[in-house]
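Can you keep this structure in mind? I'll have questions shortly.
Order of writing sets the labels: A, B, C and D. Residues in every chain begin at 1.
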Amino acid sequence: MNGTAFTEAEFMICQCARLIRDGALVFIGYGMPQIAAILAQRLHAPGMVQVYEFGAVGALPETPFVRFTMGGPRNCYRSVAWTSMNTIFAQAQLGLIDMGVLGATQIDRFGNINSTIVGRDYHRPEKRFPGSGGANEVLSQCWQTVVIVKHERRRFVEKVDFVTSPGFLDGTPGARERAGLPKDTGPWRVATSKALYGFDDRTRQMILLGVLQGLSVDDTLKEMGFTPLIASTLEELAPPTAEELRILREEIDPDRAIIGGAGD
Amino acid sequence: MDVLQAGVGEFSVTDPDELRAFMRTEKQREMVNKVMPEAEAVRRYVKDGDYVSFDFSSFTRGPASLIREIIRQRRTHLWFAAKFTLMETTLLAAGGCLRGVDVGFLGLGRLISKFVEEGRIKVTEWTNGTLALRHLAGAMGVPFLPTRSLLATDTLTYSGAKVVQDPFAGKPIALVPAVNPDVGLVHVQQCDIYGNARCFGPGVSPLETAMASKRTIISTEEIIPIDDIRKAPSKTTIPYYLVDAVVHAPYGCLPGGTQGLYEMDAAHFLEFMSASRDEQAMAAYLDKYIYSVASHEEFLEKRIGPARLLALKRQAVIKEGYQ
Amino acid sequence: MDVLQAGVGEFSVTDPDELRAFMRTEKQREMVNKVMPEAEAVRRYVKDGDYVSFDFSSFTRGPASLIREIIRQRRTHLWFAAKFTLMETTLLAAGGCLRGVDVGFLGLGRLISKFVEEGRIKVTEWTNGTLALRHLAGAMGVPFLPTRSLLATDTLTYSGAKVVQDPFAGKPIALVPAVNPDVGLVHVQQCDIYGNARCFGPGVSPLETAMASKRTIISTEEIIPIDDIRKAPSKTTIPYYLVDAVVHAPYGCLPGGTQGLYEMDAAHFLEFMSASRDEQAMAAYLDKYIYSVASHEEFLEKRIGPARLLALKRQAVIKEGYQ
Amino acid sequence: MNGTAFTEAEFMICQCARLIRDGALVFIGYGMPQIAAILAQRLHAPGMVQVYEFGAVGALPETPFVRFTMGGPRNCYRSVAWTSMNTIFAQAQLGLIDMGVLGATQIDRFGNINSTIVGRDYHRPEKRFPGSGGANEVLSQCWQTVVIVKHERRRFVEKVDFVTSPGFLDGTPGARERAGLPKDTGPWRVATSKALYGFDDRTRQMILLGVLQGLSVDDTLKEMGFTPLIASTLEELAPPTAEELRILREEIDPDRAIIGGAGD
């Protein structure tokens, strides 16, 4: 791997990190979102506040990042408060948490997320996955949710086999609100290894916003199980910068447990 | 109360008055010494068919030695609250202990998924947050609590939640039923002989788990005098009358860590992850770390060893906030 | 949701989505210096007609200096959550600030009773526990929480609770509506300039009050560096983003005490109790301790004096647990 | 006041203290119940556990008792836990609190308690009182509640003007349970300045169990607004013992702020 090469994971993490606003309270999922949050904190968002489902708020994690770490001392280092799961989800429900960052097994046109089963029969699934974890709360309660997902055809499906966490449901206006979900919430961006998506305000359909520099729109669409809307002006997504890669590789994950590329 | 939608997942509720009657007669109000070996605590308080809950996670301050003892004693037909679990469901399922799981997070590794795919383990769908909320309802002695999560998902369909119209603001809202585990397992940094227990650092819901559970077993890194407890009552996470047994279990979270005392054993987790790919490898793992050792002490002595214990202790350099 | 019984007391609920929209735009996520004089905090965040809540009590860790400033600024038509109040309702009513009270405990002394008897102050009946529960509901962002208290009483009849049939266990249960105060007032031992606040000792519901309230004013005995906060995150009772103003108010609870720092002023309470028998005496009390002094500093200087401050500090010999 | 004389308050406190079981978790109301609890703790019930509505559990209060003290350091001294109001009422609702000790403005035949108003019209009360405080929770949730009340005709009424806290309601079998209140709870004893009452298991009516030594049944009945049942065997209630009075007067309340008798 030369100086400008990068792994898919590195690009996903950098994309995701760039979406994290300075000064936002951000609910962080397990794994890649943790790395993205630390990266954002060290670059453009020193004032972003990490929020974890077990109750830690405002941590400044120690690096190098230790694989598996979440509730441990390195990840919770120098928090402003250690609360509990019920307290922190209550704060999300109150509307205090600006963003959530999540992974997904499948995502569909309307941003519904599946992390439970693949297969048509719930009782005889082809594949069982871990389930919601805290994802349902995050996608239900946080104002804007970023989904970070590898760009694979099997992950982008017309309709998810199981709605673990609610996107825009069937896409009809006000569908979330009619169901009782908090108003004006839902998936906001989908950051993949090739592209960036949002959701159309009116139709609630996934819309392609940008493509990784060097790739074509077709390169992304051919690896999707449905055709998204395409923004009239497409952003060219910059690959990871040297500074981003330096922080990822030297400060955060020198063992490359999450960012990958150790074998190159 | 008009129910707009009701999940079809398997669950049961404890009648609040039956729960109260249990708490009245079975929870000891006197301060008595509850210290006992893990084998005795599990023998006394964990029965086949029990609903079991734990706190906090596999990686951090989890009651791993108690889980191993349950497997060692070959309990069966347990239902497990996987509210923040990564390895426990796999271990229990592979050990033949498990009938079903409230998910939460089912766990890491292919094996537990395979058990579910093959219908060998039942599952009811929830979320980490609603499982914590169900414990809070159980801790409050009310039959349900409301939440705006779960709505409009298949997770709700396969849960035991009900959707009703809120009689105050008029919008649909989900009600999750209380859970009152037969047994709650909580590992803590410090506890006195009566069960006054202190957790340091963030956690999922140690107090809710202890309050909601009919029986609570505490495993503790250290046993401290009650005089220390009375000098800093705000540090008491769980008061003694919620506790049925106190097990002295230094390094009781291994391969997970206990904040401020020792780091998790990442190498062991990789070994577990590798074993969690198929049943034979997991059987060998169970044999090595559980069946072939008689107790947690023997596990530490024969399977971990002093060098690794000291290394993990040395790695725990961050002490701030954990006292 | 079939309502079996509904209380007729005056109350209002905040739509959970309107509350969320407020929390989204009005609660500052950035860590900014929020320290300001009490006069400014009250001028900015307490409006005529507001619903005001406080924590903990008149005798212990109550925000007495903030209450006095509200009276000094002659706010009117306030509604007060008397969840553990002894003197505040009398002071506010006598100062002409009060339209109504959620009881809880109405307060000590004849005068506040007289105001109610004469219909000058409205009352909705609750209980200390259900008021705390309403704050918890408000803090959770749900429109109600269930309880087995209140049932079958006139307290319920004159409250805003509703009785429904629990859809899980089938028994009648009371639902109390969330309360989201316009302003929450919490006095603490320590706070940083951003609002990360620490209460030591037992309290009624400081976190619930701060979470439920649209605006939270903290008054604090001491301002500490954020570095101290980050070294012991478990000690943070209220995180900064819930807080709108930080008022540095040493001896801010007087005549009540602050645990570990100074005892309550029992002689002053006797003076208050004596004044609380009739309006003229209370008018004189208000004049002496509130209107005739421009600020809390002047109150301490001109009305209490250093000898009494030191004596009350000396009496606070019990320090255990308050740090 | 000579060595064997005692105030009404002292007798009420001693009666109440004698009812507190060793090893019980006891919810303590403001004022006299606090003194009774300390007295019990120093005599026959060293293992009783004081529980306060603001969340303190297991305190060993410092004496002398300072008037007004409740949440302060002297009253909360050496607790085993400091929780919060929601937590402690949750524990009561769970069935963990054995006894409650309360005052009352009025009490009726079925043990219903009024501490809200006197008068027939709620909106134009003759007298307004402080209201429930935590009394409604205590009488709803604790297993057995002791009511401590001065023996005055105006306090013992056929039917309270306002049910602040629920006794046995209209006395019909299962009335509390039908309303949804926790099973097998309710008022257990009424300790007055002259007598001790319980409640008949079948009719749920107040029943006279004992009379202060030296008083007759008529002495007590004539100061009641209704006639209670009378137990077939009446207990003769012992006056405060020398040891009880010593502890009250020397250790707990030397200023006699609560126990009275300072002017004698």
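Rule of thumb we're sticking to: a residue touches a chain if its C-beta (ideal position, glycine included) is under 8 Å from a C-beta of that chain, and two chains touch if they have at least 3 such contacts.
From a predicted model like this one, the values you see are computed outputs, not experimental measurements.
Asker: Taking each chain's centre as the mean of its Cα atoms, which chain lies farthest from chain A?
Answerer: Measuring from the centre of chain A, the most distant chain centre belongs to D.
Asker: Counting C-beta pairs in contact, does A-C beat A-B or the other way around?
Answerer: Taking the two pairs in turn, the one with more contacts turns out to be A-B.
Asker: For chain A and chain D, what's the span in angstrom between their mean Cα positions?
Answerer: 58
Asker: From the C-alpha centre of chain A to that of chain C, how far is it in Å?
Answerer: 40
Asker: So how far apart, in whole Å, are chain B and chain C when each is placed at the average of its C-alpha atoms?
Answerer: Here chain B and chain C have centroids separated by 37 Å.
Asker: Please compute the C-alpha centroid of chain A, do the same for chain B, then give the distance between them in whole Å.
Answerer: Their C-alpha centroids are separated by 28 Å.
Asker: Check each residue of chain A and list the ones that touch at least two other chains.
Answerer: Only 56, 76, 78-79, 82-83, 93, 182 qualify.
Asker: Hey, what residues on chain B touch two or more of the other chains?
Answerer: 16, 141-142, 147-148, 171, 173, 201-202, 207, 230-231, 233-234, 320-321, in rising order.
Asker: If you connect every pair of chains that touch, what shape comes out? Choose line, ring, star, complete or other.
Answerer: Topology of touching chains reads as other, fitting no named class.
Asker: For this structure, enumerate the chain pairs that meet the touch criterion.
Answerer: A-B, A-C, B-C, B-D, C-D
Asker: If we count contacts the way the header does, which residues on chain C are in touch with chain A in the complex?
Answerer: Contacts found on chain C: 16-17, 19-24, 27, 29-31, 139-142, 196, 207, 211, 226, 229-231, 233-234, 236, 239-242.
Asker: Chain A touches which residues of chain B in the complex?
Answerer: 56-57, 59-61, 83-84, 103-108, 113-114, 116-117, 119, 123, 125-130, 132-133, 136, 147-155, 158, 163, 171-174, 201-205, 207-208, 257, 259-260, 263-264, 266, 269, 316, 318, 320-322
Asker: Can you check the complex and tell me which residues of chain D touch chain B?
Answerer: Those residues of chain D that touch chain B are 23-25, 47, 49, 56-58, 60, 76, 78-83, 87, 90-91, 93-96, 98, 143, 177, 182-184.
Asker: Can you list the residues on chain D that touch chain C in the complex?
Answerer: Touching chain C from chain D are residues 52-56, 62, 66-74, 76-79, 82-86, 89, 93, 116, 122-137, 140-141, 162-166, 169, 175-176, 178-182.
Asker: Could you list, by residue number, the parts of chain C that touch chain B in their complex?
Answerer: 1-3, 13, 15-16, 141-148, 162, 164-169, 171, 173, 175, 177-178, 200-202, 230-234, 320-321
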